[in-house]
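Here the chain labels run A, B, C and D in written order, and each chain numbers its own residues starting at 1.
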Amino acid sequence: MASAASPASARRPAKLAADLGVTALLSLAIFGTMVGLRTETIPGGLELQPQWTSALALAAVAVVGRLVLHLTVWSRPEGAPPLLPMGVRARVEQAATGTGKVFGPALLVFALLLPFLPFTDRYILDLSILVLTYVMLGWGLNIVVGLAGLLDLGYVAFYAVGAYSYALLAMHFGWSFWLCLPLAGILAAFWGIILGFPVLRLRGDYLAIVTLAFGEIIRIVLLNWYWFTGGPDGISGIPRPSFFGIPFDRGEGGFADTFGLDFSSMHRIIFLYFLILALALLTNFVTMRLRRLPIGRAWEALREDEIACRSLGLNTTSVKLTAFATGAMFGGFAGAFFATRQGFISPESFTFIESALILAIVVLGGMGSQIGVVIASVALIGGFEVFREAEDFRMLIFGVAMVLIMIWRPRGLIATREPSIFLREKKSVSGALVAQGEGH
Amino acid sequence: MAGDALLEVEHLTMRFGGLTAVDDLSFVARRGEITALIGPNGAGKTTVFNCLTGFYKPTVGRITMHHETGDTFLLERMPDFQIPREAKVARTFQNIRLFGGMTVLENLMVAQHNPLMRASGFTFGGVLGIGGYRAAEREAVELAEYWLDKAGLMARADDAAGDLPYGDQRRLEIARAMCTGPKLLCLDEPAAGLNPRESEELNRLLLFIRKERDVGILLIEHDMSVVMGISDHIVVLDYGAKIADGTPEQIRNDPKVIAAYLGVEDEEVEEVEHEIEETAAAAGGEGTA
Amino acid sequence: MNAQPLLAVSDVETFYGRIQALRGVSMEVRQGEIVTLIGANGAGKSTLMMTICGSPQARTGRIVYDGQDITALPTHQIMHMGIAQSPEGRRIFGRMTVMENLMIGASVADPGHFDADIERAFTLFPRLKDRREQRGGTLSGGEQQMLAIARALMARPRLLLLDEPSLGLAPLVVKQIFGAIRELNQTDGLTVFLVEQNAYHALKLAHRGYVMVNGKITMSGTGTELLAREEIRAAYLEGGAH
Amino acid sequence: MEYFVQQLINGITLGSIYGLIAIGYTMVYGIVGMINFAHGDIFMVGSFVSLIAITALGLTASTGLGLTILALILVLIFAMLIASVYGWTVERIAYRPLRGSFRLAPLITAIGMSIVLQNFVQIAQGARVKPLQPIIQDGYTIMRRVDDQGEFLVQISNMQIFIIVLTTLLMVVFSLIIARTPLGRAQRACEQDRKMAALSGINVDRTISLTFVMGAALAAVAGLMFLLYYGVIDFFIGFVAGVKAFTAAVLGGIGSLPGAMLGGMVIGLIETFWSAYFSIEYKDVAAFAMLALVLIFLPQGLLGKPEVEKV
């Protein structure tokens, strides 16, 4: 963690005191205003409710925290072994990637068995479904951001297109989930191409901001196109999925009845769980497959160096478009799943913060790393649930975690890259060498 | 076929705002020959390359590529990615542009993107595992292995390209360009920063390409001593304009070229040479410091 | 000869990422000298210049300037100690006027000297005076080079680092610039460390020279000594001359 | 016609606010090449700090004119100061450690910081909207039309005059700072070539910090204006205003100060006229679509410089 205050000088007491003094002043300015003086609405206007103790306490925490950092992390002389010895760090990294071969299948087996484990209850299954949805979205976005290096801040738009496509098709035409699912994916991919075509010539950051704008446009349209989308009220009563035509309801012809089971509302949850697991695995399978095909290599080459790609005869526009459309398609699948699971959708589920969350999963996991996405989804979504009690604070904690993890590991948790083809021996590529799509 | 005009550059001019980087340049590169484009730093050599390969659109001029089939391509009218694909012109870059995070083999596979794309049924066949993609991929790996062997990189095939030493990266970039199946190979300062051993390896690779393959090579080089050994034909640029064009022998003795390289004016050349001779003679007796 | 050199570089190794650019370089520049470093493109000459200025910092070795270890100092602090550089590629602030470029150069100097320094710069390079309100990006290559040197001089350095001042310039302009360097050295006693690819002029101008090949210093000696060496002539002169 | 003039005045007022926020984006983008996603939230913080200060001073519409002006100046300075502290701290915590790291990392921390600021304010000040009674009232009628549909007045309120005058003033002051002072020169130098700036002895880190501070101060002014003009704020106003202001910065040509102001005006006008003549619901769509169109057809923006691709 770089600090402009050079460690050696900060260890001198005078410098340290000055540094802490500045910290104290700044944190008093920050907390003293915003926390120390709370505005409350009273009849006829506003009044201030002083909360000096909280403000002072927060400022004190900031000063003490900085002191502790000075005495520990920042005061270690240069070249001193890092807190986590290099060996351990390397081993952890190795474990994360090297054991990927074991870890991945083990995780898969666990995922397959999860609904039948003794401790699994409805809450855990619901949470797992949520995590898997984000795994799938993360994998979808990973194609765009991680492989092709195109920064997309509006991914949620395709999620929304998928969800609304399914909801509208199923409600108006009564088509089954299995028919609507591919259609939702195709429509999302179609929108990916429509939106992608004009903007893909833009440089990285501009692309990011335009995709953000498109995401917002789609949300605003959903919000205001009342007769078509139901506006802010959303669409409710979306058909629930059936087990290939057999509904999950009580009574004759239902799932329980057909298979001679006692009716349980868990059946549907378990089905939904396997459904999203299958969809996520499909995403993963296709992505892994594509990586070994010319198109996948072209995506990665594009991330590494667009100019070199053009000099080798790659039509970078179509390479970008395919990445954009493929990612959008999986977003569309996930959206259709979301709609059928919830039974109700509204524009509120498709805000920018959703896009940011998915992007955070991809980047924190380590761009381009499939297993990283899983770890990051479990950590972020699971972590989010852990702080469920602290309702008000969990977004705050989430934001702080995002900042800290990024500073700690700017390249994400798993930064190594697996080659797509090898002659004799498969060697992982160190993350330091892998480009991140630097803007072109 | 050697000796036919492969690339014809006519009246090429490139201006950036008020600056004329290339000024009315005309020359011809022939099949089966190494043509060197030389000149002091900042003479406009790389700009010529960028015009040839479509990264810049020239202000004035025509660039024609002749295939032995009789097909001709006007490069200044083609989008950059079609130039390697259709006109079969491949290039390398002054500041090496490899896909650093991909392995050496992957780099060579990306170079064969277009044929592989067709073989994979534009991905659809490939995903489903139908069509002749497997065979095509095997062939592509074979071609990659061929060039890896020629570039002396066989042992590094599975290492990340960004991990290779400088000289290996240079040769890999050339091997990658060759994997696109070019008829004209444009090399931008391939010898820059190489040590003598690496230079030697590079020269071997270039001479092999010229001898074994029916392609022309166009070479930008700053360092004349490198160029003299391997070129068949040299074009000298200074301030964006051509100041000489001929065989290495002719170029070596052209006073204009000497002047450009020494950074002195034409009339001073003899004086300077004389001076150097004298200092050398004076110092010769003392030995070296 | 002073007991202590103004600048002493010892066993410096510099890396760009994983690529090692300098492999144990040692050299020195004494007060009042013009020292030149010659070598081929990519030999690491500019890297040495930049390493002296702390950008990038040397991974191993020591750089001592005026008795102080500057190896680990941030660039802007080093520049405040009386070192100025006219870097490779000139790096003119293209969207600023000539005057503004010079003002930036004077950032580290005492503002009291500003007028006198501007006067000196314009006397040295009268062309710049005519173009004082013109944007840096619109100048010709030679004018930009003059501006880069003038900008470095505005810092009132004790040690001036010049990276390829002759690059891409017409012979007459090169002569002019080298003349200016000589004049600064002789009249103001300015110490100059000059990186050049065109060995001839540089060696004629310098008191001493170093030759760099692949990140290492391979030869050193006085300008005339080096000019006479067979290897130098072979590498830098004969390619063009014979 | 009268309706048009009225909308023009409204649009310019809104555009001033966007423009002031946009300057912060454009300066930061120019100098470190990152989208400071948290900048919109600094604007929101500035707005809240203004609200706190106004409440603390007990400023109301019945306060005398002289006192109101004096108090507003105090509020303004206070808000600029505190917002600057926020801006500086955000840069220091979330961006500086990642300088030189790969490009996505600071963007993610910026999004993280944006979430942190929003939720911090939400927790500290409550989630409900904060209303403020109007402080500056009245205005002038500059056009008047009576026809069979009744009377139509074109008015410019004192509030609008205040906003437009203050914006103009700040633009002049900041342009002078950028054009004439050593700090401004250092900023422009860092923007063009950070390495060369350091080689000229400029403390690049400090210059970047000061850029964040300047951007934050202007955002705080915009925050105060927004508060006074609309009379309600909540912790979420930073996001939409931020995205639009960034749009404005890109539209005007990123890195260009007058461009940011011009972009702000264009976005403000598009939004106002779109609401007035078409549909208020789709005003944001119009603004964002404008951004996409400009980027596609004029990637360097209205006043930006085209970039030559380096090969």
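As a convention for this text, contacts are C-beta pairs under 8 Å (C-beta built on N, C-alpha and C of every residue); 3 or more make two chains touch, one makes a residue touch a chain.
Since the structure is predicted, the reported quantities are computational estimates derived from the model, not experimental observations.
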| item | value |
| --- | --- |
| Taking each chain's C-alpha mean as its centre, the one farthest from chain C | A |
| Pair exhibiting more inter-chain C-beta contacts, B-C or A-B | A-B |
| Length of the line joining the C-alpha centres of chain B and chain C, rounded to whole Å | 31 |
| Distance between the centres, which are taken as Cα means, of chain B and chain A, whole angstrom | 44 |
| Distance between the centres, which are taken as Cα means, of chain C and chain A, whole angstrom | 50 |
| Between chain A and chain D, centroid-to-centroid distance (C-alpha), Å | 29 |
| Of all residues in chain D, the ones touching two or more other chains | 309, 311 |
| Where chain A touches two or more other chains, by residue | 307 |
| Residue numbers of chain C (touch at least two other chains) | 18 |
| List of chain D residues in touch with chain A within their complex | 29, 33-35, 45, 48-49, 51-52, 55-56, 60, 81-82, 85-86, 88-89, 92-94, 96-99, 101-105, 107-109, 111-116, 118-126, 128, 130-133, 205, 239, 243, 246-247, 250, 279, 281-282, 284-285, 288-289, 291-292, 295-296, 299, 309, 311 |
| Residues on chain A engaged by chain B in the complex (per definition of touch) | 286, 289-290, 293-295, 297-298, 300-301, 303-305, 307-316, 322, 417, 419-427, 429-430, 433-435 |
| Chain A-facing residues of chain B, complex | 53-55, 80-85, 90-91, 93, 97-103, 105-106, 109-114, 116-117, 120, 123, 126-127, 133, 141, 145, 157-160, 162-163, 176-177, 180 |
| Chain D residues touching chain C - in the complex, by the definition given at the top | 182, 185-186, 188-189, 192-193, 195-204, 305 |
| Parts of chain C lying in touch with chain D, wherever the complex brings them together | 53, 55, 74-76, 79-80, 84-85, 87, 91, 93-96, 100, 103-105, 107-108, 151, 155 |
